[in-house]
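Each of the next two complexes has chain A plus one other chain: chain B in the first, chain C in the second.
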Partner chain A sequence: MNPIALGALTLVIAPILGGLLMGLDRRITARLQNRLGPPILQPFYDVGKLMGKQPVACNSFQGVAASLYLMTSVLALLMFVLGQDLLVLLFVLALGAVMLILGGFSVKSPYSQLGSQREVLQMLAYEPLLVLMVVGVYLQTGSFSANSVLALDRPLLLTMPIFLVTQTLVIGIKLHKSPFDVSASHHAHQELVRGIYTEFSGLQLALIELAHFYELVLLLGFVWFLWHTNWLVGAALALAAYFSTILMDNVTARMTWRWLVSFMWTWGIGLAVANLAAIYFMLRVPR
Partner chain B sequence: MGELAWLGRLNVGGLAGVLILAPVLTGLVVFLVRTKWSRKGIVTGTGWILSLGALALFGFGAVRRDTVSFMPPQIPGISWDAVVTGLDLLLIVGFVAIGFLLRRPIVAALAVLQAGLVLWVELSHSVRLEHPPLYVDWLAIIMVMIVSVIGSIVAVYGLPYMKEHEKHLGIPDTASKRPRFFLTILIFLGAMNGLVLSDNLLWLFFFWEVTTLCSFLLIRHDETADAEANAFRALWINMAGGVLFAGGLVVLSHAVGAVSIQRIVESRASVVTNPIALVGLGLLCVAGFTKAAQMPFHSWLLGAMVAPTPVSALLHSSTMVKAGVYLIARLAPAFHDTAMSDMIAVAGGFTFAAAALLAIGQTNAKKVLAYSTISNLGLIIACAGLNSPLSMAAAVMLIIFHAISKALLFMAAGVVEHGIWSRDIEDMQGLVSRMPLTTLTMVIGILSMLLPPFGVLIAKLAAIEASVRMPAALLLLVVGSTLTVMFWTKWTGRLLTADPSVVFPRIEHLHSMYFVPLLMLTIGALGFSLMVVPLLTQLIVPAVAQYYRSVQSDVTTLVQFDNVLGVPWALVFGVLALAVLWPLLYFRGPRTQRTGVYLCGEQVETAATTTFRTAAETAVPVTIRGHYFERAVGETVHARWMMTVSIAALVLMLGAAFLQR
Partner chain C sequence: MGILGKARAKSPWILHFDAGACNGCDIEVIACLTPVYDVERFGMMNIGNPKHADILLVTGTCNLRNARVLKNLYAQMPEPKAVVAIGACALSGGVFHECYNVLGGVEGIIPVDVWVPGCAPKPEAIIEGAVMAVQRMQERASGKVQPSEDESEDEHA
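Take a look at the complex of A and B:
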């Protein structure tokens, strides 16, 4: 397909898909909690409502942070769809994450400061796993480009089974699902309020929500990659990963950041390294 | 190109002479003519001479398109080799004298040891000195540009800084120590130019020891007890490194029969099969580790932060520590594809990750910067140890971008220090409301160290890609990169933590000699990142190809980096700039209502700063503190095992010389 058309299509379809998935999440979560839950389209209503609000801000940097967060999420997804360098993509994503953190830090507010401090730690917890997954891809394709995966004739899951697990954990952290929701939570927590998002409002918050739609699709795209040879199987894997984070969210309690970091740096990185070691030995990576 | 052909006919010996000797001579003038205006004029003028000289050398390289070994200008009756040897011995006598004056026998002992080893090399017949002692290739030109341009910018910045510094300490103009200060700084720049242009390791050793002496004098500048102690530590650690250097020279001169770097690199085939020669190279690399403040030798650079900030800016960016990594990178082709090279990568990678971890726990801004320097130099050394054209391209890129960003950060930190008289990151909270301009340069400096689309990150990408063949180094690089993001983000967060009550911060007034250097380096950090692709293809790839040509003729592995080269960086810059600018315009003015923070409805609306009501309606101002996780990442928590591991890595590195591939 023409790359420009593909890019344009992604720009339109990805937020719709991401929003629907989030609506589904709220519905399922409500049912698990014996509530009826909002309509599936609620995330879109939310964004629409936020956009209509009068702009209110504590400082002018907040808008920059929100805008960069959205822009990098879009950029990263476009790079993914257009088969660009996955490592560059991860760092573009990191740029957005850092900007959101700085946006939270930019206000002298106890809740957003607490959220930002903890978001730094969340980033510390998931970032190495994303990079290690991309390294796993490189070991098999000899390239960091997303296109090189598509050129592979076997599903990655056969050689990278553990990364299905770690990627699910990463999605859980990124989406602030329990037990990883230390910097902001979907559930009411007194000491957090809305954590890192507390001081964002109106259009700024709408931009952040929109960025979440794009980011969700990108994160699921990484899971889809594990079985790219048959897109239905890939999509099923992605959905399975997504719904397991929702299930996890509802059956676990929020843990501390200490637990989060030590868990991800021992179990998470340990397992990922084990998988990478297996790939090194199996494929006899040339020196 | 036609009208620039004259550049290719430049007398490169004379040019090198200017780059090395001009700052020494002007430094002496500054020292002797003690007026404020002459000092200002001469230091700035020297900066121009050095910058133009470096530019001329760049033009020379661009026209010649080849490496050149050359002699210094011939003066009848003078043998430059004898002059350098004589000066070297004079320098060592100076060290002995310093040892006696300070009552530190170890300094004198190390100096005597150095003298013995150097004389051993000089007097042994195995060494033939017919090879021209100076050499210029792209790597040397890049280094000369960094030293001459960034070094000069720092020197000019030092003019107003040292004035305020002495005013703050209450030193009268008549007793000013500034003449000596700028003499040392300028000699330092000359010595660095000499260091990177030397091909003869004996010459290089002389300049190496001059930089040790200069850094000692500069760290000691304030002559407080603290300064004395830390200057002594820097001196003895670097002199111990000098002993290792001289020892390596003895071994190399016997095993290879040459002290010319080019000759040693050319005889790689016999070097890598000869464990003794490899040990010689290994000793030189350990000397590089000391100068580059790698663990376990890093304590001297942390101590060096007692020096006035221009000294730190100089030591950390363009001089001193860069000499260490330069030496390792320069020698790397000689031990290409050996177990020792791999161990160097692991040792460098370890320092990269370990120093980044320790940086998280620091509240002192200069200490964070110091750990960041140690960490980044570790990364450069890891790249040199990985020893492939791609990793070397990453190393050269890091040398360039780190020099720019770190000079910018130290200079900004110095301006902040003179604005708030503190180096503590906690005191910098909300600096954006007090010194918005300086904060902006600081934030750009910080972001340029870790995020796309800036050059340091692009180099890091190349480093990660190059490390895939070595899992241990790879893991250290990934872990280190993540930790790096953490401490920088925390710091930036403190700077930006603004009280909503300050809506329009007043832009502070900066001395023009503060403002212009900061502006130049900010533009440099942005501009070079924007032009990273031409920089890589036009300058860095040829540089790497040149000095790997005796090892492998093709640099095809670099082509794999096309993924990054293919990213349209100008477009990325444009999109990001747009994303920054539109909210600044949109969320302005009457359209956007300004508000205080959410405090559960207990906000005191009338208070000047963010305040809330607590029990019995008491108004309490909100105080915010950063987290530093001292119990998890404090220096003392990790000191012992990190020292042990880093020493073990060095021992294993030397031991690996005996492993044959």
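Take a look at the complex of A and C:
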């Protein structure tokens, strides 16, 4: 497929897919709580409404931060779809996350400040796992490029089973789901109100929500990567990971950031490194 | 009603402020979020943040201490917005009306769009009040009604 057409198609389809998945999430969450829940299209209504609100900003940097967050999310997804370097993709994604944190820090509200500090800790918890997954890809293909995965003739899951679990945890942290919602909560408010998002309003919040749509598709794309040989199995894995995070969100309570960081740095990174060691010593493809 | 108007009608986010109620009305407001009433059906969420909120639900009487807080919260909400006064105390001061520190209902402090009477009002009445506030917000956003206090007399629920 022509890369420009593929990129344009991604730009249009990804937010629709991400928004529908988020709507499904709210519906399933409601059903798990014995409620009826909002319409599936609710995330789109929310974004539309936010775009029509009166623009209120505490400083001019907030808008810059929100737009850069959206732009980096879109760019990261485009790099993924076009088969670019996965390591650079992760740096682009991290740049967007840092922009959002700086936007939160640019306001003197204690909720926003504390939420941003905790968001840094959340990044500390999930970033190593994303990088380790890309290292796993490198060990097997000898390349960081996303295209090199598609060139493999066997699914990655067979050699990297642990990364299905860690990627599910990463999705939970990225979407601010329980028990990982320390910097802000995905649906409702917590003791930091809306944490890092507290001071973003109107169009800025709409851009951030839109960025979440793109980011969700990208994170599920990473899960899909684990079984790229059959796209249906890959999609089923991605949906299973997504619904596991929703279930986890509903059956657990929020833990502290200390627990989050120590859990991810012991169990998360420990298991991931063990998996990488197994690949290195036993399954390494000679080149 | 365009796409924007439809989105606005489908996604009213709520801020609940207890100005000094006996907690009876607050329990009824929270009851709206429970599985029995589930206002999230209408896309309503108790967002707890004035900068994200569209509808301000106020319960309880206003006094010298909290009038400033209420004004501040109202000012922090971006337009279009609407205010619902819930319960006898928020309407007029209720049984606390003659107390030395009570200023009366919410009306004198910030403009009110919808009044929900009762002590305490039923969750059904509160949901109806919130839905009326959404209509009111729509009219204001489309320019039919200017934000002013004096013509809200006909909105008594």
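Assume the second predicted complex is superposed on the first by the 278 of 287 C-alpha atoms of A that agree within 3 Å, B and C clash if a C-alpha of one lies under 4 Å from a C-alpha of the other, contacts with A are read in each partner's own complex, and residues count from 1 in each chain.
Here is the rule we go by: a residue touches a chain if its C-beta (ideal position, glycine included) is under 8 Å from a C-beta of that chain, and two chains touch if they have at least 3 such contacts.
All figures in this text were calculated on a predicted structure; none of them were measured in a lab.
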Partner contacting more residues of chain A (chain B vs chain C): B
Partner chain(s) touched by A:46 [first = chain B, second = chain C, both, neither]: second
First, second, both or neither for A:30, with chain B first and chain C second: second
Which superposed partner A:188 touches (first chain B, second chain C, both, neither): second
Partner chain(s) touched by A:277 [first = chain B, second = chain C, both, neither]: first
Partner chain(s) touched by A:107 [first = chain B, second = chain C, both, neither]: first
Touched partner set for A:230, first chain B, second chain C, both or neither: neither
First, second, both or neither for A:199, with chain B first and chain C second: both
First (chain B), second (chain C), both or neither touched by A:85: first
Which of chain B and chain C A:67 touches, first, second, both or neither: first
Chain B/chain C common contact set on chain A: 54-56, 193, 198-199
Partner chain C, residues of chain A touching it in the complex: 26, 30, 33-39, 42, 44-49, 51-56, 187-189, 193-194, 197-202, 205
Contact set on chain A toward chain B in their complex: 54-64, 66-68, 70-71, 75, 84-85, 87-88, 91-92, 94-95, 98, 101-102, 105-113, 116-117, 120-121, 123-124, 127-128, 131-132, 135, 138-139, 142-145, 193, 198-199, 204, 273, 276-277, 280, 285-287
Residue ranges of chain C in contact with chain A within the complex: 3-4, 6-8, 10-11, 35, 38, 40-43, 45-49, 51-52, 54, 76, 78-80, 141
Chain A contact footprint on chain B (complex, rising order): 430, 432, 447, 450-452, 457, 461, 464-465, 468-471, 474-475, 478-479, 481-483, 485-486, 489-490, 492-494, 496-500, 503, 560, 563-564, 566-567, 572, 575-576, 578-580, 582-584, 586-588, 591-600, 610, 622, 624, 626-627
